[in-house]
Structures are given as structure tokens and as C-alpha cells.
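Two complexes, one shared chain (subunit A), two partners (subunit B, subunit C).
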Partner chain A sequence: MSAIEVKNLSRNYGDIDAVKDVSFTVPEKSFTVLLGPSGCGKSTILKMLSGLEQVSHGTINIGGSDVTEIEASKRGVSMVFQSYALFPHLNVKENIQFGLKVRKVPAEEREKKVKDAANVVGLTDLLDRKPANLSGGQRQRVALARSIVSEQSVCLMDEPLSNLDSKLRAEMRDEIRDLQKRLGLTVVYVTHDQVEAMSMADQIILLKLGEIVQVGAPEEIYNSPNSVFSAQFIGLPPMNVMNLNDIDISTLDSKIKPALESSIIKNIGIRPEHLLFSKKGLPVTVKSIDYFGGETVFKLTHQEKDFFLREPRQPKIQLGDKLFVSWNLDDMYLFDKNNQRLKS
Partner chain B sequence: MTYRNRIQTSVELIGAYILAGFWILPLLYAFWAAFHSSSDAMHFDIFSPLTLDNFREAWSQAPFARFSLNTFLLVSFILPGQLLISTLAAYAFVRFKFTGANVAFALVLVQLMITPEILIVQNYVTLSKLSLVDTISGMGLPYIASAFCIFLLRQAFKSIPKELEDAAELEGCGTMSILWKVYVPLATPTYIAFSLVSVSHHWNNFLWPLIISNSVETRPLTVGLGIFAAPESGVEWSILSAATLMSVAPLLIAFLIFQKQFVQSFMQAGIK
Partner chain C sequence: MKDSTRNIQGWLLFTPAAILLLAFTHYPTITTFFQSLYTNKSIIRPRRFSGIEAYESMFSDPIFWKVFVNNMWLAVGTIPTSIGIAIIMALIVNKAIPGRGFLRMAYFTPTMLPMIAVANIWLFFYAPDIGLIDKVLEVFGFEGNNWLGNPSTVLPSIIVMTVWKEAGLFMVFYLAGLQTISPELEEAAKLEGSSRWNYFWRIQFPLLLPTTLFVLINAFLNSFKLVDHLFVLTKGGPDNASNLILYYIYETAFSFLDISYASALTIFLLALLALTALAQFFFLDRRTHYR
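Let's look at the complex of A and B:
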């Protein structure tokens, strides 16, 4: 059973379509990430799910009932905001129990629930603090606790980690993922960070300009992107996409050449880790070398086009060296003139 | 460079002290005169005997207890009224999109520029039609919809992030409970700042209460004091000073106690 079912959802502001005819389902107890660059409509979709934003067209189904016209507080969802939205005049405890008080939960029960939630996120010692006296990570935890305490099965998160430093972000990523599993939550998570999406999601919904580009598990999108956009949005450094006109095909391996003969092929794509230094192949010049310890990323140029090569070892290569690269036929992606993937 | 800075700072400091000294002189003199007999008040002899006679005299010449009560009633009628009306108005301006919102707000701003004194006659006519002449509510009514308060609160409410409101809405708060649980507590510094201004202004207001009040039952302190200053009977400086001190004492004491909060709330409310 799917926890959330969205059909033909649209949202327009005057003449501007923020979200265009989007349909997807979110399975129960799964972690779904809405991923895309800024302005792709991901936050608007989340707001529409929560009920804080009006729907122009389409329907939203949560837990089997149509909630398109139902007010936010009655949809059975909780939300974690980008800025955490903690009430600065209330201490941690009061922030966590804000919703319980509004819903007139009796004091004893409230006390117990707050204690449990604070325990889950490790805030037990900080209940009397004001949000101003908390670190970014602690504020984030208060926001999570407030969402947990509401006991809604669906939790919506709007870029909850974007205000944290990178080390804390990695920690909180694990924590949120762990919480979701432990509490059996259905999470819809908005982010523009593909690392977050790849490491946390069961399902990624990739968006561009208000439309869905691709839906799938992280490995599915990584291994078989359906377009140049998905190929380049996921993965770091992004997939090398080269126009066939820009490369000297005559230098390529005899196994690869026949695959490129069809006239509908416009671009080819190769992931940086699939490019190999070799004795012959595409002639390139080394433009820059980024050494990361566990891997080395080379920026190479061929006929004034740049692309990346990733190596787990540290080969003895200098800036300005003239080398050759090749790749295996299986690792090559083909795209047509509309930047759509051609399945071979 | 630091030497020049230091000189500049000390010059500024001395200037500030001189100005403060001038400013407080009348008050110091009132203290001096109130505790000395009329003849001693004019001679600044440190050893002249202190006396409380002036206070006794002033108290017996006019019903100060009644005047104080009137002032207190006036202020405690105006302030809650202002806060209630302005909160609702400011909330409407910030949160609701209604046709004519901009025109309505422009009218509020225009009202800010009109000094109440211009309207004295018109207000008197209106209130007499309402048969509210010579009543405390009549004295307070013209001030109850404060444009200044609406403006201040609107600015304070506007600075409250939308996400807080969204969070409250998601937790099940309705329109009024969002106002009460999110907007009002977050605008507390503004409420305090405005309350201080409002209370001190209406405590000291003279002209309008003088016109609208005819009897001891409604006359506030400021108007009552006017009796002592009536020039035709000759000004009794000592008794006048004693009476003045009695009138301003509550405010003065409150200011001394709350001066830290007073200054802070103005800083937070963004008025300097």
C-alpha cells in the first residue's frame, strides 16, 4: 500500500507553472527524496503535500483518503522546516509539546510523550534551554522531536540539513535515516544535494523545471539515467557527456566505433570512474589534478572540451602531460538529440 | 590617532553631562522647593530647614487622591484598548490580503501625521453627541485607535518568519490562536516599548483632558495641577512643586526601577 499518491499535480502562480502535471507514489515506510536544482518545484510539491500551499490541479491521497482540499493540521503529516521553525520564546520542552497543547492532550500524557521523543533524539538534558542557546545540530534535533511527538506516520522534510556544516550534516544524515527506520515513518525529503539523496533515499524523484525527469532507487538512477540531465545531476564529478562532433572518433577503440555509427546518436556519456588511462585511444592533456586521498580526480581536455577522470590509485602523472584515454563499451551511455537516453 | 579619539570621546562625554544637567535642573529645583518653605525655596541655603508642610498643604487644597485615581483609570482604559485594537489591525494588515489593504494602511499612516490638537473641537463635538463629555471614557476614546501602535506592531509582525506560522498551522492552530501563540509573544519588546510611551504620554497629557473634563470626578492629575499654577492667585512655587512631585512620582519611580528594560525594549523594537 502506498502512503502517498499524487496524481496530475500542478501549481501555477499567474502565468508561471511552478509544478506541471506531476504524478508519483510514495510507498509506506519508505524514504523518498524530491531532488532537483533550485526552482524545480520540489519545495512547492512538499508544501502542497502538507496543505500549506493550494493545489491548482490534481489530487493528493494520503493514507488512502483524498486530502487535496483538507486543511493542513488534519492531513496526518508532520513537517521539519529548513529553518527548523522553532518558537524562540519557548524552551525546548515547550517547543516539542506545542502541538500536543494545541490538541489539548492531557498533561500527564504530554509529559511522557515529550520525554520519549527527547530521549529518541538525545535532548533529555536540554529541555529547559531556549532555542537561541542551542547549536545548529541541537535545533535540528528539537525540530525532529517536535515532528516525532506528533505521532503522524508521514513526515515531510524541507532541506533540513542545509544550515549545518558538512561534518554535522553527515552525522544527521545517518541519524534521520536511522530514526525513519526505527519509527517506521514515511518520509518525503526535499533536497538539492545529490549526496543526501543518494545516501538516504529508497526512492529518488528527480525534478527539473516543475516536471519529473526520472523516478527510481539511487542505484537505478545512477546506473541507468534516462537523460543527460539525470546523468549529470547525480554523481560527483558528474558524468562526462561529449558531443560526437567534438571528439575525434577515428582514435577510438575498434570495439567502440561500430556502436557510434547510428545517426540518431548525438552525445555519449561516460562516468569519470569508467574512463581509463591507456596506451592508445582519445588523446588528452592533463589540465588539473585534485588529490583526495582515497581517489584522484583529473580534469582532462580533448579538443578544448573538458572532462573528468577518477582514479582510486595515485598514478605518476604531471600537469600538462599528453596521454590517451579509453573505456569499455558497456560503460558508455548514448543520448539522442533531445538528450534522452538511447537503450542499446 | 587613539589620542585624538580619546579627546573626542571626552568632549562628547562632557557635552552629554552638561546637557543632562540642564535637563534635570527643573526636576532638581522641584525637589528643592517642595521640601522647603516658600521663603527658603528662593534662597539656596544648604542649611535651611526641611519641611513636609508643602505636601500637606497641596494634599488638602485639592483632592489629589481622586485626581490620581482618575489618571490611573484613564491610562488603564486607553492602553489595553490601544493594544487590543492595534494588535487586531496590525495582524489583519500583515496576514490577510484584502481589497483596499494598501489604501487602509496609507490612511493609518496619514493619521500618524495629524496632531491630535487640530481635532480638539471636532472631537469635542463628536463626544458631546455621544454624551461622553466629562467622562473618563470620553477622555480616552480619541486615542484608542493608535496609528503609531498599529504601525509598530505591523513592522514587528512582518519580521516574524512565515515558517513559524506554517509550523503552528500544521500543529492545528487556527487564525486567532496563531496570533495569540506566535505573533503576540514574539512581539513582546514592541508591546513593552509602546506601553511605556503610551502610559507616559497619557499620564502627562494636559490639553484634551482640560477641555473634556468639567468636574473633580473626571479631572486627571495634570488638570488638577493647573489649579495651583493659576497665575491670578499668585504662584506658590513650593506647594506647586510638592503637587508636581506627587503627580509624577509613580512614573518617576517606575522609570528608575525599570530603566534597564525601558532602554532595552526600545533597542529591540528598533526605535532609537
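Let's look at the complex of A and C:
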């Protein structure tokens, strides 16, 4: 059963369409990530789900009932904001129980729920602190606790990790994922960071300019992107996409050449880890070398076009070296003139 | 640079401001204080030291007590009302409504007008029989009143006008205060089911507390400083019913030419305002730390 069902959702501001005819479903107890560059409408979609933003067209169904016209507090969703939205004059405890007080939950029950939620996120010792006296990670936990205590089955998260440093971000990523599993929450998570999406999501909804580009599990999108945009948005460094006019086809392997004969092929794509240094093939010059310890990323040029090659080992290669690269036929993606993937 | 040269440079930079402050603020204050300790000089009697005599006569002067109580009533009458109206106006113009810019300006206009001009407008409102208020009352069959000529209505009339004049200024402070509150807080509260009313009392009002304290002190100071309108409207009358301390000082000094007594009144007012300013210093600094 799906917890959230969105049909033909649109939002326009005057002449500008922020979200165009978007439809998707979020399975129950799943972790769905809305991913896309800034301005792709992902936050607008989240806000429409929460009820904080008006819907121009389409319907939203949460937990089996149509909530398109229902006010935010009655939709059965909680939300974690990018800036955490903690009330600065209230201490941690008051922040967590704000909603319980609004709903006039009796004091005893309130006490217990706050204690439980604080326990879950590890805030028990900080209940009397004001938000100003907490670190970024602790504030994030308060926001999570506030969401947990509301006991809504759907939790919406708007870039909750973007204000944290990278080490803390990795920790919180695991924690949020773990929390979602333990509490059986349905999470819709907005981010522009593909690493977050890849590591946390059950399902990624990739957006561009207010439209859905591709929906699928992380490995599905990584392994079979349906367009140049999908291919390049996910993966770091991004997939190398080369226009056939820019490469010297005559130098390519005899197994690859026949695959490129069709006239509808415009671009080819190869992931950086699938490019191999070899005795013959595409002639390249080494332009830069980034050593990361576990892997090395080379920036290479061929006929003034740059692309990346990723190596787990540390080959003895120096800047300016002239080498050859090749790849396996199976690792090559083909795209047409509209940048859509051609199934080979 | 050596420390001593730095010090000299610092003092040189400080000197122009210091001279102005000393010459036009501190020196007159001190002379006023000494004047209050001496009797007035006249042709037949030379000035003599009288100690705290002027202060003693101040505390036994029924008119002084009357203007002091008037001033306190003015403060009590204007401050809570103007703050309340200012908050409501700020909440209205903080929303994204059509014509917001116009509304903001409309609310702020009374503050921009000089007090004398405001008083002239209100003189017309309050005029007996032909004035706006009496005309409106007449329509509903009520009898007219000489608002500014009647000792029991003159102070309330002044209060109403002062509220009208001040609320716009305070609104600007509250608007600035409201705009420092992140809109995400309202969204978070909304999702929790908090009503508009609940959100105001639990979140907005507490977060505006520093603004409120600031406005409170300013409103209190203003209620002692603003007397321009008395020159136009009532001259403190009838029977001192609308007289205020600062206007009384002016009358004593320049109409009754009793410089000694006026000096004593000035020192009293100065002490009162200084105490308030100190309170502002300590309260505000402590209350604003969480921002």
C-alpha cells in the first residue's frame, strides 16, 4: 500500500511553473528522496505535501484520503525544516512538546512522550538547554524529536543536513536512516546532494525544472539512467558524456565501433570507473590528478574535451603523460539527440 | 606605533565630540544644578545660597504634584494602548496583503508630521460644536462637549491624540522585530496545529519582548518629553488639568521667571529620566542575549 499518492500535481506562480504535472507514489514505511538541482521544485512539492503551500492543480492522497484541500495540521504529517525552525526562547523540552501542548495532551502523558523521544535521539541530558546553547547536530536532533513526538506516520524533511559539517552529516545520515527503519516512518526527504540520496533512499525521484526525470531505486538510476541528466546528476565525478563528433572514432576498439554506426546516436556515456588505461584506443593527455587515498581521479583531455577516469590503484602516471583509454562495450551508454537513453 | 602616540591620537579624535558634549550637555546640567541651590537674583535682592529650599517648595507645591500626576496618567493612558495598537498594525502590515506599502506609509504618517501640525489637526477635531467629533456625535443625537475646555476630558483628549501620534513609530519597531522571526517558525507551529492566536502568544509575543522593552522605555521617556502640542491646544489649562512637567518647567522659567525653581524642577525631571535610562540599560541588555 502506498502512503502517499500524488497525481498530476502542479504549482505555478503567475507565469512561472515551479512544478509541472508531477505524479508519483511513496510506498508505506519507505524512504523516498526528492532529488534535483536548486530551482527544480523539490521543496515546493514537499511544502504542498505538508499543506503549507497551495496546490494549483492535481491531488495529494495521504494514508488513503484526499488531503489536497485539508489544512496542514490535519494531514497526519510532521516536518523537519532546513533551519530546524526551533523556537529560540523555549528550551529543548518545550520545543519538543510544543505540539503536544497545542493538542492539550495531559501533562503526565506529555512528560512520558517527551522523555521517550529525547531518549530515541539522545537528548535526555539537554532538555533544559535553549537552542542557542546547542551545536548544529543537537539542534537537528531536537527537530527530529519534535517530529517523532507528534507520532505522525509520514515525516517530511527539507534538506535537514545542509547546515551541518561533512563529518556530522555522514553520522546524521546513518542516524536518520536508522530512525526511519526503527520507527517504521514513511519519509519524504528533499535534497540536492546525490550522496545523501544514494546512501539513504529506497526510492529516488529525480527532478529537473519542475518535472520528474526518473524514478527508481538508487542502483537502478545509477546503472540505467534514462537520460544524460540522470546519468550526470548521480555519481561523482559525473558520467563522461561525449559527443560523437568530438572523438576520433577510428581509434576505438573494433568491438565498439559497430555499436556506434546508427545515425540516431548523438552522445556516448561512460562512467569514470569504467574507463581503462590501455595499450591502444582513444589518445588522451593527463591534465590533472586528484589522489584520494582509496582511489585516484584523473582528468584527461581528448581533442580539447575533458573527462574523468577513476582508478582504485595508484598507477605511475604523471601530468602531461600521453596515454590511451578504452572501455568495454557493456559499460557504454548511448544517447540520442534529445539526450534520451537508447537501449542497446 | 608606540602606545603613547596611539593614546595621543585617540584623545585627539575624541576631543571634538567631548568639547561639544561638555559645552552643551554636561556644563548646562551642572549650572542648572547649582542654580537650583541659589535664590533668584533681582534688583533689590542679590543671589544667595538657599540649599535645598527650592526642592522643599517643589514637594509642597500642589501644582507640581498635579502636573506630575497628570504626566503619570498620560504615561499610563498612552503606553499600553499605543503598544497594543502598534503590535496589531505591525502584524497586519507584516502579512503579504495587497497595498501593503501604502498601508505601512499610512500607519507611519502621524509619526512623520510635526507635533505642532498634529495638534492643529486635532484642534479642529476637538473644537466644540463645529469640530469633527462633536459633528459626528450630533448625527447620533449626542450632545457636544468642549473637549479641551473641560477639565475632566482634556487629559483623555490629549492621551488619544498622543496614542494616534506614537503608535506608528512603535509599529516600525515591531515590524522590524517581526521580520527577524523566521517564517519557518510559523510553518512549524502551523503543522503542529497551533492557531494564529496561540502562535502569537506562545511564539511571536515572547520573541518580541526585547522590542517591547525598548518601546516601553521610549514611550515612557516620550511621555515626559513631548509637550509641543500643549502650546497649540491648551497651554496646560484649564486649571492645569492638562499641564505636564516639561511645560510647567517652561512656564516657571520663561513666564514666571523663577529660574531657581525651574532649575529644581529640571533636575528632578533629569533624575527621573536618567533612572529610566539606566533601567533600560540593565533590563534590555539582559533580556536580549538569546538573539
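Please note the rule applied: the second predicted complex is superposed on the first by the 344 of 344 C-alpha atoms of A that agree within 3 Å, B and C clash if a C-alpha of one lies under 4 Å from a C-alpha of the other, contacts with A are read in each partner's own complex, and residues count from 1 in each chain.
Keep in mind that, in the parts below, a contact is a pair of C-beta atoms (placed from the backbone, for glycine too) under 8 Å apart; a residue touches a chain by one contact, two chains touch by 3 or more.
Everything quoted here is computed from the prediction, not taken from an experiment.
Taken together in the superposed arrangement on subunit A, subunit B and subunit C clash.
Contacts of A:Ala132 after superposition on the shared chain: subunit C is touched, whereas subunit B is not. When the shared chain is aligned, subunit B and subunit C each come close enough to touch A:Ala85.
Touch criterion met: A:Gly99 reaches subunit B and subunit C at once. Across the superposed pair, subunit B and subunit C both touch subunit A at residues 50-52, 72-74, 77-79, 81-83, 85, 87-89, 98-99, 102-103, 146, 150. Across the interface of their complex, subunit B is touched by residues 50-52, 72-74, 77-79, 81-83, 85, 87-89, 98-99, 102-103, 146, 150 of subunit A.
On the subunit C side of its complex with subunit A, the touching residues are 182, 184-185, 187-195, 198, 202-203, 206-207, 209, 290-291. Considering their complex, residues 50-52, 72-74, 77-79, 81-83, 85, 87-89, 98-99, 102-103, 130, 132, 146, 150 of subunit A touch subunit C.
Those residues of subunit B that touch subunit A in the shared complex are 161, 163-164, 166-173, 177, 181-182, 185-186, 188.
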